[in-house]
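Sharing a structure here in structure tokens format.
Here the chain labels run A, B, C and D in written order, and each chain numbers its own residues starting at 1.
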Amino acid sequence: MRKFVLLTGFEPFAGDIVNPSMEATRCLQGKTFELNGDEVVLQAVAIPTEFHRSIEILQQAIEDIHPEIVICVGQAGGRMHMTPEKIAINLDDARIPDNAGQQPIDRPIVENGPTAYWSSLPVKAMVQAMRDAGIPSSVSYSAGTYVCNHLFYGLMHLLATQYPHIRGGGFVHIPFLPEQTVQRSEPSMSLEMIVQGLEICARTAMAEKKDIFLVTGTEQ
Amino acid sequence: MRKFVLLTGFEPFAGDIVNPSMEATRCLQGKTFELNGDEVVLQAVAIPTEFHRSIEILQQAIEDIHPEIVICVGQAGGRMHMTPEKIAINLDDARIPDNAGQQPIDRPIVENGPTAYWSSLPVKAMVQAMRDAGIPSSVSYSAGTYVCNHLFYGLMHLLATQYPHIRGGGFVHIPFLPEQTVQRSEPSMSLEMIVQGLEICARTAMAEKKDIFLVTGTEQ
Amino acid sequence: MRKFVLLTGFEPFAGDIVNPSMEATRCLQGKTFELNGDEVVLQAVAIPTEFHRSIEILQQAIEDIHPEIVICVGQAGGRMHMTPEKIAINLDDARIPDNAGQQPIDRPIVENGPTAYWSSLPVKAMVQAMRDAGIPSSVSYSAGTYVCNHLFYGLMHLLATQYPHIRGGGFVHIPFLPEQTVQRSEPSMSLEMIVQGLEICARTAMAEKKDIFLVTGTEQ
Amino acid sequence: MRKFVLLTGFEPFAGDIVNPSMEATRCLQGKTFELNGDEVVLQAVAIPTEFHRSIEILQQAIEDIHPEIVICVGQAGGRMHMTPEKIAINLDDARIPDNAGQQPIDRPIVENGPTAYWSSLPVKAMVQAMRDAGIPSSVSYSAGTYVCNHLFYGLMHLLATQYPHIRGGGFVHIPFLPEQTVQRSEPSMSLEMIVQGLEICARTAMAEKKDIFLVTGTEQ
């Protein structure tokens, strides 16, 4: 049987000409692997870096692809690790305008929606599997208050309210590409390693029904 | 009329012999100021750095003091700013044991409690007031997964379920003191400035009924 | 007998309206202490943030004050500690123009001067004395390639070639003031602590004939 | 005609089981390229992370290989960029013991040697060539006070006093490999990119007789 994993990446924003999340997910488009007799197909979709329209495009992709797992991916400039996000919060608070010029401040993403949603991906199993492959990785407990968190919250709200049969959904933040840091002092990760990490995330999310025990918490 | 602000600080943990949150709140014990004809009194209470017992001691202090505002304070080693926290999450995930040797992993703080609570303090007004006084300050969107977040969530759950008449509650993370960083390369803030910042937080929380408009969000 | 310590601070640069080195040294102007029966007087002089003219003004101050010790002080934005500098190098390599619009690239400060000079201050004794007072401090092995290093090298060259009787000279880099980091995520140190640290540096430089044993090196 | 570039890497130290400088230089062993009709051969040699013996092994390699260019390479844990070093200083000041248990404090590398030597490699041309290839790179103005700086100074002293016919020598610090940062929050760079960067350094050092104009300085 064929099963699908939907991977989304963002279009460049804030004046950048590249977004590693779009580059990396595009590399995985159409890639397949076998799992317990099923063929799993990765489907990549580009999402505009815009409040609200990002969620609309995501929902359209869900309708088109009928995925079993949804993993949204975004750039986290300054991070050194692949970081699956644990929690999405019901808050838009934009430091800079999005690609459509909107800059919501202290607004709920979904009026009367829950304050937050947990990721339904096995985030610690994903971290452990990436580490086993030599990829720097850790769990993050904040996806920020911009379009990344917006899309993540929108996804979890869709899964909770309209697509309860979709088995898992969540968000992975990834570092800058080296080409983005050629002249500035920021950490980066190679495209090859990011792509490999995301494929491991997809495989782990398909394979694991529940998360593992792993010490990854933080005092702050 | 007399009104009370309850400030809590933590006992030292993780081998440290000092905790800036206990030092700073202790400096404010008994301090008073006048607001709209009322006398406001600050009451400082020390809280053990222990899961669950921290919340019990906090509740006892609430019962004793009948505060109008509760501000819990904790150390965030490595931060450079005074950081009022925006959100508490229903998750204990300890990287290290607490002072009683407990190390919960991936456990809810309150079974079947909501995923998260917003601070009911005017966090942006507090940040702005501290900045106006020359104190480096910003909003934080993650209080971690250790005893600080635990107490913060416990506070907000108490306010929501047992003390709805208490006007505001929340958490402020503060930097290391200089004496903690004498030989290690970490940022710090003087005790005087931390104390001044916390007093400003208390005054602002008493004075402001609602939060202000301020751009403080973050992309991640 | 009266003896003098010359302290220099820089005027603000790069669009800043304050320079902590000028603020802090000004606070010490005229301050005296007693040492082995002598009265030691601190004299503060403001130096323009300009290549070459900074050294001229420094030399004028040396001629006027006849100091026994010279400590030049400059801002090192981003550092967390008080950092006496170990070495000055014969290189101007400006990332940004100075206050007179000059931007020398890869030029020697003194044609045919030695590649570098060691500080003749007891830098480790200064670090230890500041730490004993609870002030975060460490030795730095690079003063950069801008006006700070320029003045430091110029000072050491003057001492080596024209003022061999001056007992010690060197440079101390200091952090941002809190007021400079109110809205940006950078470490800072209170003016009081910087002033106290510089006074300790002056006392230690006057009191110690040779440096102490202390582990402060770095792998890179 | 055959010409040789000597590349040296260090053995692991400080409890690490890998050293990216040894891994990366080993990958380039025997690699050749053509330049102006000559065949250039890269020769990699492993150096023990020990004061003094490192310089002896380096000198032996120089005697064996008769290189035209010598590039010593070392790990700079925490850096984000490939960083050619500009200056070597005559100081051993070890924070930790070397692999032979020696921990010199405040000792000259060469008694009565000059305070410092400039690299005789075209460091800015190397940085620019790496950037042109999409590799994060910048000039460093301090190689520390441990075995890396020790070997760098030893090399430059050998070139100045015994091998004046060797055209260029210097040092390049490189980041951690990803496998070293799997569980710790430190920046890293892929082995492929480090190897590519070092090859570019070798080519540039062979091809360029003098350095280029490039703004890379630093205020501190």
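Heads up, the rule we're going with is that a residue touches a chain if its C-beta (ideal position, glycine included) is under 8 Å from a C-beta of that chain, and two chains touch if they have at least 3 such contacts.
Here's who's who by UniProt: A, B, C, D = Pyrrolidone-carboxylate peptidase.
This one's a predicted model, so the numbers in the text were calculated from it and none came from an experiment.
Student: Strictly by the touch rule at the top, which chains does chain A share as contacts with chain D?
Tutor: Under the touch definition, chain A and chain D have no mutual neighbours whatsoever.
Student: Centre-to-centre on C-alpha atoms, which chain is most distant from chain C?
Tutor: Chain A.
Student: Can you give the whole-Å distance between the Cα centres of chain B and chain D?
Tutor: Roughly 48 Å, centre to centre.
Student: State, to the nearest whole Å, the distance from the C-alpha centre of chain B to the C-alpha centre of chain C.
Tutor: Once rounded, the distance between the two centres reads 39 Å.
Student: In angstrom, rounded to a whole number, how far apart do the mean CA points of chain C and chain D lie?
Tutor: So the centre of chain C lies 31 Å away from the centre of chain D.
Student: For chain A, write out the residues touching at least two other chains, lowest number first.
Tutor: Within chain A, no residue touches at least two other chains.
Student: All pairs of touching chains, please: list them by chain label.
Tutor: Pairwise, the chains that meet the contact rule are A-B, A-D, B-C, C-D.
Student: Hey, which residues of chain D end up touching chain A in the complex?
Tutor: 80-81, 131, 134-138, 178-179, 181-183, 185-190, 192-193
Student: So in the complex, which bits of chain D are touching chain C?
Tutor: Within the complex, chain D touches chain C at residues 14, 74, 76-79, 86-87, 89, 91-96, 103, 105-106, 114-118, 124, 141-148, 173, 211, 213-220.
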